[in-house]
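Heads up, the next two complexes both have chain A, just with different partners, chain B and then chain C.
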Partner chain A sequence: MERLDRRLGFFSALPLAMLLAVAFLAPLLVIAVFSVMPQRVFSLFNAPDFSAYRVFFQQGYYGPLAWSLGMALVSTIVLFLISWPLAYGMAKVFGRFTLVLTVAVVMSLFVSENIRLFGWVLTLMKGGLVEGHFRALTGVGFESPLYNVPIIVFGLVYVYFPFMLFPLAQGIAMVPDDARQAAADLGASRWRVLWEIELPLAAPGIVVGCLLSFVLATGALAESKLLGGQSVIVIADEIETAFTYGQNWPLGSALSMVLILIIGALAIVAVTRIDLDTIMGRRR
Partner chain B sequence: MKLTRRQFSAGMAGAAGLAALGPAGKAFAARDDQLNILCWEGYNSDDVLGPFREANPGASVRAESGTSDPDMINKLRAGEVNVWDLINVNQPWARDQLYPENLIKPLSKERFMPYFDTMLPTFAEPYPLAFADDGNLIGMPQRYGPFSFVVNTDKISREMAEDEGWNLFLDAGMNDRYGVLTYDNWNIMHLCLTAGLDPFREMDDAGKAQFREAADKIFGGAKLLTDDLVAMNTALINGEIDAYFTGGTYTASPARYDGAMNVRAITPKSGPVDGKGGVVWIELTSAVNNPDPSKLAEDFLEFVQKPEICKAVAFAEGTYNPVSQMGSDAVMSQFDEEELDAIQWDSLEEEMARSLDYQVVASYADLNEIYNAAKRG
Partner chain C sequence: MSSEPFLRLDNIVKRFGDFTALQGISLDINEGEFLTIVGPSGSGKSTLIRLLVGMEEVSEGSIWLRSERIDETPANKRPTCMVFQSLALFPHMTVGQNIEFPLKIRGESESSRRARALELLELLHLPADYYHKRIRQCSGGEQQRVALARALAFDPEILFFDEPLSALDYRLRKALEKELKDLHHRTGKTFVYITHSLEEAMVMSDRIAIMRKGRFEQIAVADEIYARPISRFVAEFMGEVNLFDVEGTASGGLYGHGVEIHANGEAGAADIALPQGERGILMVRPEFVRFLVSGETADFIVRGILREEYALGSRIQYEVEAASGSRLTIEKLREDRFAGAIGSEVVLGWDVENTHLIREA
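Then we have the complex of A and B:
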């Protein structure tokens, strides 16, 4: 009986598994095969020579990769630090006001990312909303903060804020109030409660939030293009250039593969460490 | 009414089956009532497509605009020759990549050669790059424009910019005062000219070293890089920058038409190739080698030669550009003074005379590597 059950499970999963294989794995496979092809070919039927991966090191493509990973890391840390108090408030303190906050944050997602970022450019640029008004009022102007690395990190933090905030609020909601009160009754300080009760119990939310924002920020392109004036070139930019102006599909594929492998490994490690059911299914 | 799970599943299966049948049925429809155009922005505007749809009732006419030449060519390479009927890209691509790879096919000379007679002098000869080496006509020219660099004439005078040419950007005083518009395939040509090299000749090691030096210098001194001409013009008008490398009437015209006449495209007075230092782009619209061709493709190409449609193509949304058909009075009379000012009609002829034709860069692959390394910093 149990064996039949298992077989039935297998058969009912088969259609979806096949759909996933075709829709999800096939494009990845094409990218993987293209990445080992000789440079600048447009067909998969060539003898593989792995030269695109050699180019990755020779041409210093690890630089853009490091910038992408580094800025994603910094923005994730900043996001965590600023989202934690707000998420805490949403989960435990604000009550009905949480809904207002949620709607407000979600609303921002209705407007295209590029348009929102261009809005920031018009706000921050020389002669823009801030500097222009300041100069008109005081007669003193100042340089705009655009076109450098900190403003790119700002853009990442701004754009991926919801992706950290909501999982974090969900995670914090899972921390039982009894546990915190018990710890406090037993004489734990506020910091100790945070460190030994709240952070560990909210860990699934923290991991999901960090993973989402980190992965998205690593592949981000618009922030460095619009706000950063490409003061640093990110890896997504290099991939786009290789596929378009470079007309070098194997190089673009190899760059994509390196990024996919790094992000994939990270995601697998993170996901195996948390029980997704805990955060998705159960809520106090 | 209560829907059982079994009924629901049966309904879904039926719906899925019907959905699967849909596109298969469509494959048997005659292709002569379909036209799919892959183009730069403009040909896809209602002002152009609307009248064509009216003239061909019942036909489904669709146009999609690409964001770069290679982007559009990638689509054909990836097998979309079955989808598109016309492609509109800059002149060297058709001749050097699309035609040799059988992605486009020749046009009827009988039908299209007469149209060259009323074009501007540059095109009336007729225009050589519209033909393949085997003599076949592979595309019709329409929009064009000199493309070198753009300055804010309140900060840098037109005379000075034209006299200085590319050296303007090598001046230490220009550090942090200019942007680089990252139309990469263009910039490679212009960096060659900046380094005093001929972009259309095979580059030796000394040439590559010179190119690298120029690329490092240009990227090193740039305040911002963007591939968005609106962002670049905004920065120019607001004083973030005083010039940008590279640009032309194509990028300056939207700002000029908006009233910012201090934004001006510049063509250097001198340069390293036959004394010329500017480059001109000319779009060719070619028939895609679709295995199931639509007769509407050539009809559309003929349709866009009409004076009012020429005007609609020249002044479609986004950017404003001169068209080769402006050699005819009927087309010229469509433009008012403000519009001619926006496209710098006053100096267009002399700028064209100072510009080289956009051709394929001989050492593109090597130079592209050096270029991207410099951009990476």
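Then we have the complex of A and C:
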């Protein structure tokens, strides 16, 4: 019976597995192969020369990579810090209000990311919603915060907020109330309870949330383009340029591979350190 | 100093919105005592214990520990500790880390923490190699012991227990009850234990407090509560009992519905009397009721028909339907088994010294 179950499970998983293989792994494979091709070729049937990776170092593409990773890191930290109290409230305090909040946050996803970012541009630009009204009322203007690094980080935080909030709330919901109470009863202060009990027990949610936000923010493009006005160039920008204006697919592929390897390694390290099953709801 | 109570609860009221969970609880607990608070679910006993350890705030009243007021002290600053019903062990820590937790919070060195943890493992009959075990790898009884060890590591002035044995199977529960009592003797700590199981309370405690609807119904030693309950509720809560409504008569005696009373005016009957017109409840426990043979007499007599016989192991329980329609329970040791057949007429009797009168408003 159990064997039959397993066989049925295997067969029912097969179509999706094959779809995933084709739709997900095949493009990845193409990119991987392209990345070792000579510069500016448009065919996979060339002798590999790894020149694109040399270009990565020679032309200083690690700069944009560092910007992407750095801003992703900062935005992930900021996201964690602002999401924790809210996620805590959603998981433990708000009760029914949690649903309202969930719907509100999810609804923000109904509007395209680019349109929402344009909204911020209109709000924050010189003569825009904020500065324009302020100047009209007081006669004094001020510089727009747009086209700078902090506003890009703000954009990342704004756009990837749900990806941190929901896993975090899920993680915090897994912390048993009585474990918190017992720790306090045994003398632990609020901070010690947070450090010794809540953070470790919510770890699966924290890791998933941080990983999602970080990975998405590393590959983000629109924030630096629209809000940042390309005041800094991020790696996704360079990849796009290489594939389009540059007409250099092997370079674009090599840049992508570097990014994929860094993020992949990070994801593997993070996921092996936590018990993903618990947050996915599988019973032990 | 001995007149000063160790823990004093002074008129504690707890409200949750419109609902009053505790309506004026007062109690003095002595140092080194094993006090059990017993009550049905919803009686407020869990709320009370949560107030005492600081997980809830009192609405009115005060809590004093060694003449120091503690009801506004947060839980982590109170020298008290609780063993949870769920045990509330930390699943991400090993057995050793769980036990050492309060010591770590206090900033004790790793070596002294470890030494104390190993000491406690031994005290609770757990092998030393459990130190590195995961909580998940421990059985229910072992987890119980780990929770106890962790609480003892905290070295509290008072140890509270919120029905920690209720999830265990019968045999393990019985064994741990005795172990807990033994642990109480060995540590000399003050234990306050909450349960809905009367048996648990009787086995372990020095004193029992019976709780009902947010109030203490009676607080006394187990024997006293068993033999002289203060109300119908306590009498019925404390096991099988036979109760008869009675009323004081003009002659100073009692009139009972369905029971012949021959004890009026006799020696020892003084506390089995009511002023004229006042109502009360006459109580006799099943083990004191005798089957009378013809010619034999007793202070209280009930006639009826033997309806059922149940074997309870060492004892046999009989059910008799009285002429008045009420049912009586009688218990005999197996060696004193009653020979009468089911359906036969029987005469039951018991003596005034085994009878208790509940004066209930």
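We adopt the following convention: the second predicted complex is superposed on the first by the 262 of 284 C-alpha atoms of A that agree within 3 Å, B and C clash if a C-alpha of one lies under 4 Å from a C-alpha of the other, contacts with A are read in each partner's own complex, and residues count from 1 in each chain.
Basically, a contact is a pair of C-beta atoms (placed from the backbone, for glycine too) under 8 Å apart; a residue touches a chain by one contact, two chains touch by 3 or more.
Here the structure is a predicted model, which means the values were calculated and not measured.
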Fit or clash - chain C, chain B, common chain A: fit
First, second, both or neither for A:Phe118, with chain B first and chain C second: first
Which of chain B and chain C A:Gln181 touches, first, second, both or neither: second
Touched partner set for A:Phe42, first chain B, second chain C, both or neither: first
First, second, both or neither for A:Gly60, with chain B first and chain C second: first
Contacts of A:Phe94 with chain B and chain C, given as first, second, both or neither: neither
Partner with the higher number of touched chain A residues, chain C or chain B: B
Contacts of A:Phe80 with chain B and chain C, given as first, second, both or neither: neither
First, second, both or neither for A:Tyr158, with chain B first and chain C second: neither
Superposed arrangement (fit on chain A Cα atoms) - minimum chain B/chain C Cα distance in Å: 38
Residues of chain A at both interfaces, chain B in one complex, chain C in the other: none
Residues of chain A that touch chain C when the two form their complex: 176, 178-179, 181-189, 192, 196-197, 200-201, 284
Parts of chain B lying in touch with chain A, wherever the complex brings them together: 68, 70-71, 73-74, 77, 179, 182, 184-185, 223-228, 231, 234-235, 237-240, 365, 368-369, 372-373, 375-377
Of chain C, residues touching chain A in the complex: 53-55, 74-77, 80-82, 84, 86, 88-92, 101-102, 104-106, 136, 150-151, 154
Residue numbers on chain A that touch chain B, as the complex places them: 39-40, 42, 59-60, 63-64, 118, 121-122, 125-128, 132, 144, 146-147, 225-226, 229-233, 238, 241, 243-248
